[in-house]
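When the chains are written out, they are named A, B, C, D, E and F in that same order, and each has its own residue count from 1.
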Amino acid sequence: MEQLNILWSNTGLQQMAWGQGLMLAVGMLLLYLAIVKKFEPLLLLPIGFGAILANIPSAGIAEGSGILHIFYVVGIESGAFPLIIFMGVGALTDFGPLLANPKTLLLGAAAQFGIFATLLGAIGLTAIGIFDFSLTDAAAIGIIGGADGPTSIYVASKLAPDLLGAIAVASYSYMALVPLIQPPIMRLLTTEKERKIKMVQLREVSQTEKVIFPIMLLMLVALLLPDAAPLLGMFTFGNLMKESGVVDRLSDTTQNALINIVTIFLGLAVGSKLMADKFLQPETLGILVLGMVAFAIGTACGLLMAKLMNIFSKNKINPLIGSAGVSAVPMAARVSNKVGLEANPHNFLLMHAMGPNVAGVIGSAIAAGIMIQFLG
Amino acid sequence: MEQTDLMTEALNLTFFGMGFVFLFLTLLVFVTKFMSIVIGKIKKNSIAVEKNHCCEAKSELNEETKFVIEQAIKMHRGA
Amino acid sequence: MEQLNILWSNTGLQQMAWGQGLMLAVGMLLLYLAIVKKFEPLLLLPIGFGAILANIPSAGIAEGSGILHIFYVVGIESGAFPLIIFMGVGALTDFGPLLANPKTLLLGAAAQFGIFATLLGAIGLTAIGIFDFSLTDAAAIGIIGGADGPTSIYVASKLAPDLLGAIAVASYSYMALVPLIQPPIMRLLTTEKERKIKMVQLREVSQTEKVIFPIMLLMLVALLLPDAAPLLGMFTFGNLMKESGVVDRLSDTTQNALINIVTIFLGLAVGSKLMADKFLQPETLGILVLGMVAFAIGTACGLLMAKLMNIFSKNKINPLIGSAGVSAVPMAARVSNKVGLEANPHNFLLMHAMGPNVAGVIGSAIAAGIMIQFLG
Amino acid sequence: MEQTDLMTEALNLTFFGMGFVFLFLTLLVFVTKFMSIVIGKIKKNSIAVEKNHCCEAKSELNEETKFVIEQAIKMHRGA
Amino acid sequence: MEQLNILWSNTGLQQMAWGQGLMLAVGMLLLYLAIVKKFEPLLLLPIGFGAILANIPSAGIAEGSGILHIFYVVGIESGAFPLIIFMGVGALTDFGPLLANPKTLLLGAAAQFGIFATLLGAIGLTAIGIFDFSLTDAAAIGIIGGADGPTSIYVASKLAPDLLGAIAVASYSYMALVPLIQPPIMRLLTTEKERKIKMVQLREVSQTEKVIFPIMLLMLVALLLPDAAPLLGMFTFGNLMKESGVVDRLSDTTQNALINIVTIFLGLAVGSKLMADKFLQPETLGILVLGMVAFAIGTACGLLMAKLMNIFSKNKINPLIGSAGVSAVPMAARVSNKVGLEANPHNFLLMHAMGPNVAGVIGSAIAAGIMIQFLG
Amino acid sequence: MEQTDLMTEALNLTFFGMGFVFLFLTLLVFVTKFMSIVIGKIKKNSIAVEKNHCCEAKSELNEETKFVIEQAIKMHRGA
């Protein structure tokens, strides 16, 4: 009889707090978004599943010596997983369009204002007493606006580990929502005539340029912002492996087996941060709202920067490619292309938008470096 | 008082942060353009030379090596 | 001259204890079984090789900072390797046949009696003074009857790490011996007429069912037996990655590079537990005998359960598929098919036997969870 | 004395263990059957609707996107 | 204003010591050698990039909790990375030519004199006061002459971790330079007539021999030199996976995804040892010079051994295959073939040279075991 | 004095080291040759036997299994 009691008192049903039940539902929601709505499934499926595992009552999978906690400590606390993913992203990135039209780097710069506006917003909401974010919290939240999952996770693990779960979920969710968030803003801030601008054909870029660019970028980082060196170092390393053409077998493995393996464990480990007591806080709501704002402001600033550049430049650029400066590669570039086609069905902006798109990756890594330098 | 300080710090961070992002990426624009120009010039000068030099020799060598290896394997198997 | 002495006194020959010599022979035997007899070579080859490395005199490869000991601590003591393998097994499992005929789950339940009978046997042998097994030892030994390598290793690492080597070897050896162990029992416990039973064609199962099943299974585990959540969580995660169809690149890597890499290191690490002083104990003999008994009883119970179900059910099931309930996927299902063909050369039971076969995986993970809950 | 206790414990564990295994898997049988029935019903109701709706639109969209990307790449290369 | 100062004082420019600047240049040089000169790019590209990352001022990527330092501690200090690479090398090695002509093992033995001559040289230079190498330093430097990257790294991590960076760079650089270093020595020490010797066709080797050889080799190591067991154990394990033919999926993964992943992180981790304060020492110059000497002496001894064997043997061997005994697989064997073709355009020595080539791998692992046994 | 000791140690190590390397590899030569001879003899004796025995049976069995599995899958799909 006693044993029956033990069994019962150990079942999840008996021990489940309302919070854990709610978090199981959140995990399910993420799985639904990933599987049915196809929202960044590569990350949201493991994150959602990790969230479910982390909230199974009394199983302790995300605590102590639980396996998800081990994945978290080994892979995220050390910084290894986001950096390895960033290396993989580098190996998948083509800087060609950026090199053909380097001034689009400025669009990637402007779009980072979303990050800092969000930081100001978070501190503002704290000032008027709605939330209680520290400056490090606010910085980590802001990086959501950078629209790069691994950058967000890396910064959050350094500056605000408690918020990591919510930040990662917001980051990947909004990246998936780019096709919904951006078009209205793009239509609002551009005229029909601007959207019809045809851009000059991009020149072909030599392999030599592609090989030297990542090294040059790293040198600039080394000289000016060492705190961005881990992120941009791994990113440029991945890119150099690809472009050098002499280590194809390493580059292939990086783009496939390695990035896939790390994605699985990164997702599960992030999910482990979606435990009820940490996630079911008013702050989470704030993060979700602020993250959305960050995306919107970043999009707007990219567009406006493009319009500003057109005032001073002879070769007009279509301002629609400005919104791609938030990164969310390659989704945002596709959105630029799509909205462009609505205005002129023969105007293909995809390649032009890839420039600011990868510039946005660099821009938010720089912004991340600044946050870590001042607050880390 | 404290909240104002926080706001000031945040504004400072924003100001310097955005400034630095623009500074960095503007610098990158110039450095990139400079690199492309330099490489373009070097390429033009060296294209004719290179093509007639190292690469042909190398590919010949590779062809030879390939042939040798194939022969060796064939002989080994034919044993 | 002194140096010659050092050299000689450090050679293996000088230092080898008879136990290490014997264990080198055991390692060779495992390699022989793996390579020549094709006994589960994916595991027994690395385990056998690991056993040889672990018993090289004075090399200390399986102790202290030796590489195999590092693999063991990092991968098995943490639980990571068996859980990752289980994720891979999940990604390789098709629940279709089970979903088409859910009542075959009961066959997977019945076959787990082998586990508990073995536990009773181990305690019985202790009671009469032949061996000296604690309750945790007995539980870990019993799980051999579950016929799932990673489950056995996971439970042994939690409950009886000292016996892990013998348990893993017994587990994989008997899984390889399924085609020899099961048929006589199957013929003994069924009539010719029963063996000829033709089963109704399995219905096709929709992808939606296949996607929801792993989540539903995990929820049931979460509610009723949280201690089985790590094992079944990783298992259902692997299966969901496969069935969801939205993360094919993760699923492919899990089924190939990831499971292969982990298998290599899991095998070597298990081999490191085959050191002479731990393995050359009378207990090992007991484990080997009890493991065999566990398999036999599990097989018998699966068959008898099928016959019992036929008393109450309209759609008769061929009792030969009951033996597949011990799991040992897919070997046991093939054995059911083969013995069925002997009775009726046009009766293909393979697909029908896959249902209880994967049910057996679930069943033994549940049994493992119970052991860990009561004794862990 | 102690040995008997051990035996009792083992018997208890067996009793509860097998009971729980059967309980769990029986429950799973029913839940699975229930799920299959529910899904079957939903499917029947929605098949006609779905087929004419989202999927065609989606595949059209994909076709379009594909075409656009191919064109873009072609243009880029043709430069 | 203050913040501007912080920013400035944290930039790399402000903090860069001349040493770090120089090391960035060294890193660039390695990238140049890897990408443009195709010097062992699989290793020198990651090492060069790692060197750059390690020397970014104030970034601390190779110290404390920096990611490269983590890679170093986890992968190299533990011995795991070089051993896993060695397993992969084993899975890529074909002992066929060696088994067809076992006496070529002696060429692999003779070539190891380069290792010990270098050790003597390093101690000699210390004796006359030019450098200050301890015996363990000298032993680690000597292993460069073994011409096996992972063996060098493994030994250096055990005996002289401070010199690891320089040793690894020297080792891979000279392996890449084999086609330049060896031919002059080969022409000097052989007569035209010797270079024209045609060798008898190699017999075909059965799979059974190939399966038993690695096990037999390991047994011999176990009996005679346990300290070489980790290296040769992993090496023979990889080879057995390949030759057994029963674990092809493990063998394939070992030869591809696994070895590639580990190569990336090994390279980065080695690069982390190229920090200015450790690398910019007079010792580094000594290591580079001594490494070159080691290669030259090893080459010469291999050739001379072949000539010596011809005095006593009926079946003459072409002394050109002796130089392949330094290993540097398969580069040195190709050099033998090429120099042989110069003397006789119909004399293909490639397969014959593969025997001493893989014998050199075994030989230097044995030498490494001796160093570790006496000095470790 | 100390330097001389170091030199002596280094010479010792060299002497024993090279000696051992040769000893080991010479032994390996003999053991390898011995193995090849033994295997060669066993092979000759057993080739005829083996070929008619296990392998054919095995491949038959595999053929059969393959057929069964294919049939089962076909039936399952055809449902």
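Couple of notes before you dig in:
One rule holds in what follows: a residue touches a chain if its C-beta (ideal position, glycine included) is under 8 Å from a C-beta of that chain, and two chains touch if they have at least 3 such contacts.
Values in this document were obtained by computation on a predicted structure and should not be read as measured data.
With contact taken as defined at the outset, subunit B and subunit E are each touched by A. Note on connectivity: the fewest steps through touching chains from subunit E to subunit F is 1. With each centre defined as the average position of its C-alpha atoms, the distance from subunit A to subunit B rounds to 25 Å.
Centres computed as Cα averages put subunit C at a distance of 28 Å from subunit F. Rounded to whole angstrom units, the spacing between the C-alpha centres of subunit B and subunit D is 45. Multi-chain contact residues of subunit B (touching two or more other chains) are listed as 13, 16, 20.
Contact of a single residue of subunit A with at least two other chains is seen at positions 3, 7, 224-225, 257, 374.
Touching subunit B in their complex are the following residues of subunit A: 98-99, 102-103, 105-106, 108-110, 112-113, 115-117, 119-120, 123-124, 126-127, 135, 138-139, 205-206, 208-209, 212-213, 216-217, 220, 224-225, 359, 362-363, 366-367, 370-371, 374-375.
Across the interface of their complex, subunit E is touched by residues 3-4, 6-7, 9-11, 13-14, 16-18, 20-22, 24-29, 31-33, 35-36, 39-40, 43 of subunit F. The part of subunit E that touches subunit A in the complex is made up of residues 3, 6-7, 10-13, 15-16, 24, 28, 31, 34-35, 38, 41-42, 45-46, 49, 52-53, 56-59, 61, 65-67, 70, 256-257, 260-261, 263-264, 268. By the touch criterion stated above, subunit A contacts subunit E in their complex at residues 78-80, 83, 211, 215, 218-219, 221-227, 229-230, 233-234, 237, 240-241, 244, 246-247, 249-250, 252-254, 257-258, 373-374.
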